[in-house]
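Next, two complexes with chain A in common: one pairs it with chain B, the other with chain C.
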Partner chain A sequence: MEENRMIHSTKSRIGDWGFVILCVIVAIMCLLPMFNLLARSLSSTEYLIKHEVYLLPKGLNFEAYKTVLKDPKYLRSFFWTAFLTGVCTILSLTMTTLCAYPLIFEKLKGRHFINILITITMFFNAGTIPNYLLMQKLHLLDNPLVLIVPGCLSVYNMIIMRSFFYGIPDSLRESAEIDGASFFKILWVIYVPLSKPVMATLALFYAVGRWNGYYDALMYMKDKKYYPLQLLIYNILNNINSVEVATQEGFSTPGLSDSLKAATVMFSTIPILCIYPFLQKYFIHGVTLGAVKE
Partner chain B sequence: MAKEKAVKGVKTPFNKVYLKRYWQLYALLFLPLLYLIIFKYLPMWYVMIAFKKYSIVQSIWEMPWAKNHGFEYFIKAFKSNDFIRALKNTITLNLKDLIFGFPVPIIFALILNELRLKRFKKTVQTITYMPHFLSWVIIYGLALQLFAPSTGFVNLLINKLGFESVPFLNNSSTWVKTYIGLGIWQSFGWNSIIYLAAIAGVSPELYEAASVDGAGRFQKMWHITLPGIKPTIVVLLIMALGNIIGSGFDRPFAMQNKLVMDAAEVLATYVYKVGIKGLQFSLTTAVGLFQSLVNVIFLLGANFLSRKLGERGIW
Partner chain C sequence: MKKKVLSVLLACAMTISLAACGNSADTAAPAPADTASETKTEEAAPAEEAVEESGALAELVDGKFADTRHITVEIYDRNNDGGTDPTNNMYTDYIKKGMLDKYNVEVEYVAVPRWTEVEEINNLLAGGTAPDICVTYSYPTVLTYANMGGIVDLKDYAEEFKSVTPNLWDFIGEEGIYWDKDPKTGSLWAIEGRRVETQKSVTFVRQDWLDKLGLKAPTTTEEFHDMLVAFKDNASELLGADASKMVPFSISYDVGWRATNLIASFQDPKMTDKERYVNGFDDRYATQNGTKEAVQLLNKWYNEGLLWKDFPLYPSGDSTEDDMIKAGYVGCFEHNWDYVFRNGEDSINSNLRRNVGEDAKFVAIDPFEDKNGGHSKWMYSAFGTDRKIFFPSTNDEPLASFLYLDFISSPEVLKYLQAGDEGVTHEVLESGAIQLIAATGDPIQNSGKNIDYTLTCNGTWYGDEKTAALSLAYGYGDQDPELVDGASKAAQAEGMYPKNVNVGEISAEAEVGDTLTAKRDEMFDNAVVASEADFDSVWDSYMADYLSAGGQAIMDERAEKWAEYFGDSDMLP
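Here is the complex of A and B:
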């Protein structure tokens, strides 16, 4: 064995370095757009127009960020989205737990039926217009609740949580049952504390989903007061209703407007980029759980 | 284990005694089930308007049936050039996603698996997962900056090499390539997670035996790793085929612009424009129903086919 390794070592070491270099290139490709964006958001207009900004800022200045941070519309939307994200995450986690926990009890009558009911919703969707008409009927159009309630339970995430619950030994639950603990209590005292990894994963999924989502607002929300950040940015990128910005900066200098757009985009991604690396070990596990079929 | 079986064997009747003991579980399920019934099943009722002439003032019952035995709007859709264009684009984009995008995470997982330095591997993973956490609006914002015709990084490089700028986002055929490329960029890292997990499940003994037999790195990949993760690949392929005429809304909508509509209008965005903006509710409900049904058929078909070929299906 040892000898074998010696013979192959030179060849396989070269191979190792090949894979390392490949991975470095791939990683650079992933980061490149972000660096480019950052450089442009920090560069001054003249250099942008002179075609001199590559991956490092030229004429370093923070004007674009200052403009973004002074824009009341942007700030309002930023904090509204942060608030929405918080509320949605807590509500969704609660709903997901409420749904997943009872379904692990084999003694639950109607469990099979409920599982079918849930599975069907994964494969058949009524479609955009029926959903729209439902929101209309429920008086949720233009109601801020429409950004919270309709998305408060994801069946996919529920299945991930249920798989995690299945992994918790039945004996824990059974001995608690014998001791006379109620099902509420078993959930609260045994399952919730043991489920921190999956809770962290799903919290991330729900939070990212809400922070990044704009479909529901586009469909159901006309009141600009309640626009989530992504929809606002969409409008900014496509120069919809950005009259103030345009006149302020002037149409003749697209460069500054570009760095302003860059700063807007950059600033909106920061919260997510700060959080996800710390949850990596959890969400990897979560994704894998979701793939386990029952 | 024996106790479990005993409990399973005895059928407890659904009565007062049972409810007294288990009512809490039903209480916990109440809100989630209410949610599913209201937000997932009630809309299915509204699907009926695909077969009826929609009117704001009438209830669904009162609306008159559409002509041609209720299929007027389906016929109308298939006679409409806009719908056919959206349908074609949806299928084209999804097929290209599948052909070019599907193998990438598998290959990337194989590469990651060859890395020996744990630290380095983890860093590469963290970086490649990043795009998954960006919204499509943000990614479009990134692309606008990166591919800007005269000042963007990529076109600056292309110009420096002496070529003309490429209209990455403003020309139908290049737009499609950009769309597919950005799709791969956004998802390959994330999608590799599942393959990595599958690779971790392949028995190390197989690799040892192959080493003894003198198999090289690539031989091991081809003869051990790939067959080992084949079930995972098949399941994900079935899911992808099941979504062949489905499409997310966020990605195409965020990336569309007036110049590329020929290639960029997909069913989801068509329904939004004609339905929500254009108020043709019956027509677009019919389109949505058609889309859902085709998806279900494809999913079942792919599942059936994979079982026929001796693979595990998704159920």
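Here is the complex of A and C:
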């Protein structure tokens, strides 16, 4: 009873309020562009040209969304990207777990060296041309696997998972070993069920990364069937915005109207926004995972 | 102790992997290039034999190859909404059929995304899978790979195949074919495409505003200034409730481009070729004599409230200025000669008709007069500004490739690629002019005037100069042909063409291009918005920075090279 009525000094109360206000301001700064985008996607062109649309749509119409949903290109890309995200997330989680698990055993020979080697790959990247040549040699160009395999393991995420596994007491593992459980059985029966928070966090990281990713498709994928949604948007925005190109070439490609642009961007952002609330509680827990040492 | 050893080992491992990574990017490219140069020398040997006994040409029987040859050609993929597959449509079918019938050459197209064309070409060249005929807007890319031995030297082939490529020589001419020829070694790494529409920039003004205020179109810079003042003072009459949004003269962050005719009018029309060349690295004339005075005039106008207040705030590609123009708030601006006519229904003039009124339109005027009272202005050079066509060293069929270039430069083919079928994509008017009809479905052209297919031609041509000149006005959908014609003539009036000064590579220009461009834009923007008293100090300080960042080095090297090739003379031979 007494604990609930903590004494708040005026100073700490001002500090609290200051912090709250700061957070609210940052939250508003993040939300306003989204509201503006939503309003633009629902407005009619005349108001958009006069730049009179701010937070509320003017000349409300759903034409832009109708066009997007009717165009088979967007829908196909949407389902392909959703499928890709699902497959990549599951594959990535599997690979990450399988990579992190052996690294927690002290008796693994060369464990220190392997850890260092893996960390080095996180910092250094060969560059565009060597990567392209590698994909070419592996016959992954224009192959849908190029969107799945090369990016399936992120070392950063693997380190998060490894840190989490460190946090699980050895005694659990040892007692299972005494009972005769094998290496993989321990992983499957003990570690994985305990790792639900970190799995959800990493699933979110991987899913968002794959959903928003377009660079690998830009470089390695020519077949339009397999374009992720973000690459479609990249092309649309480039076709309109390239003023230098237009000057060079002496013409400009007729672009999509502003509301259609906004509708396409909303179309690609909304699905991720919908998934996020379900994984939110794990996300907050997961970000601080590596910070606390036992 | 163990930790110390380990940390030393780790440091070594990192240094080695860094060095390896640093080298691998270079070794990866030259590795295929080394093998490429080996095959090139192997090819060069039989090619030399071929020159001696005219073997390559002897392969042609009745102008055709005896056995079917196969070439791949690069085609830009713009991924534009409603476009067709660039490797497979009505136009590719026409070209493939034509090439097969005429020369027994099979053509296959390789799509390259337009927006990442330089990286993509780098990747393809490094991987050895580049198409036989490649195209790029970036000459430095060609030079880089030429220096590594990855590109076929065309100097002998061009002469050797001259007899079987009459259309190419006719259309591009000796000037264009040898435009990029290295003056010392004679190597020719790329052939320039020809820009047939050399009109550059023109000043547009609202004809309906002039009529409302009873003003004539200005013919001197003074009259132009008075017109802007009149727009500003009568804002409430012209715009009613939106008077506060009045923008008499609109400009963008790229001041040099958007005031190019004004700047040209401050340059001495009798400037020597040497002065033009040495100071002319920047395509917005930053270091040219006369530019400072032009920008000072803009600064004066800015401080009088005649320019768009917010122009430096919006980056390239931002549509705010265009939207403002389409909504009807802008009185006057300078841009590409056909800017208000582009994009059909979404063109500026069409938008004005819809948003403001039937008689609202922009017409072209020619106000800025130079020292001699003339209206000289710059045009695009026919060569050097368009695409460069080159053959990677993996090209085994130089003759077939040249025949392809000849085929797409021939009048009938150019006409078909640009105009399509009569009745479907164009109509022929009484005067002989060709008027385009908006295409739907397969005949859609993915690029304006189908330039992606007409590699050697950029602009309305239709096979000959006369038809092109007549038809230019009809190439813009439902735009008034008289207005288009007026703009075209205004852009060409007293036009000056840049001359080609071929002194080889200027090493000081390599790598500093982007930095200097950014500094130049900053310099112009800050100079225009400064207060009138501060203009000199602002301009001078930014100019000093520009020169020390590489501008001076370029001018010095250009002067040196000029002296080397042209001695004391001030003009080109």
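The definition used in the following text is that the second predicted complex is superposed on the first by the 242 of 294 C-alpha atoms of A that agree within 3 Å, B and C clash if a C-alpha of one lies under 4 Å from a C-alpha of the other, contacts with A are read in each partner's own complex, and residues count from 1 in each chain.
Simple rule for what comes next: a residue touches a chain if its C-beta (ideal position, glycine included) is under 8 Å from a C-beta of that chain, and two chains touch if they have at least 3 such contacts.
Remember, it's a predicted structure, so these values are computed and weren't measured experimentally.
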Touched partner set for A:Lys222, first chain B, second chain C, both or neither: second
Partner chain(s) touched by A:Leu133 [first = chain B, second = chain C, both, neither]: both
Touched partner set for A:Met95, first chain B, second chain C, both or neither: first
Which of chain B and chain C A:Val189 touches, first, second, both or neither: neither
Touched partner set for A:Ile116, first chain B, second chain C, both or neither: second
Chain A residues touched - chain C or chain B, whichever exceeds: B
Contacts of A:Tyr276 with chain B and chain C, given as first, second, both or neither: first
Touching partner for A:Glu46 - first (chain B), second (chain C), both, neither: second
Partner chain(s) touched by A:Val208 [first = chain B, second = chain C, both, neither]: first
First, second, both or neither for A:Leu31, with chain B first and chain C second: first
Chain B and chain C footprints on chain A, overlapping residues: 48-49, 51, 124-130, 132-133, 218-219, 234, 238, 255, 258
Residue numbers on chain C that touch chain A, as the complex places them: 6, 10, 13-14, 17-18, 21, 24-25, 28-29, 77-81, 111, 113-116, 119-120, 122-123, 126-127, 129, 137, 195, 197, 257, 316-317, 319-320, 323-324, 326-327, 336, 342-344, 346, 351, 355, 385, 447-449, 451, 458-459
Sites on chain A touched by chain B in the complex: 4, 12, 15-16, 19-20, 22-24, 26-27, 29-34, 36-37, 40, 48-49, 51, 53-55, 95, 98-99, 101-103, 105-109, 114, 117-118, 121, 123-134, 138, 149-150, 152-153, 158, 170, 182-184, 187, 208, 211-215, 218-219, 230-231, 233-234, 237-238, 255, 258, 261-262, 264-265, 268-269, 272-273, 276-277, 280, 284, 287-288, 291, 293
Residues on chain A engaged by chain C in the complex (per definition of touch): 46, 48-51, 112, 116, 120, 124-130, 132-133, 136, 218-219, 222, 224, 232, 234-236, 238-258
For the chain B and chain A complex, residues of the former touching the latter: 4, 7-8, 12, 14, 18, 22, 24-26, 28-29, 31-33, 35-36, 38-47, 49, 108, 111-112, 114-117, 120, 122-131, 133-138, 140-146, 148, 150-153, 156, 159, 185, 189-190, 193-194, 197, 211-212, 217, 232, 235, 242, 249-250, 253-254, 257, 268, 271-272, 275-276, 281, 284-285, 287-289, 291-292, 295-296, 299, 314-315
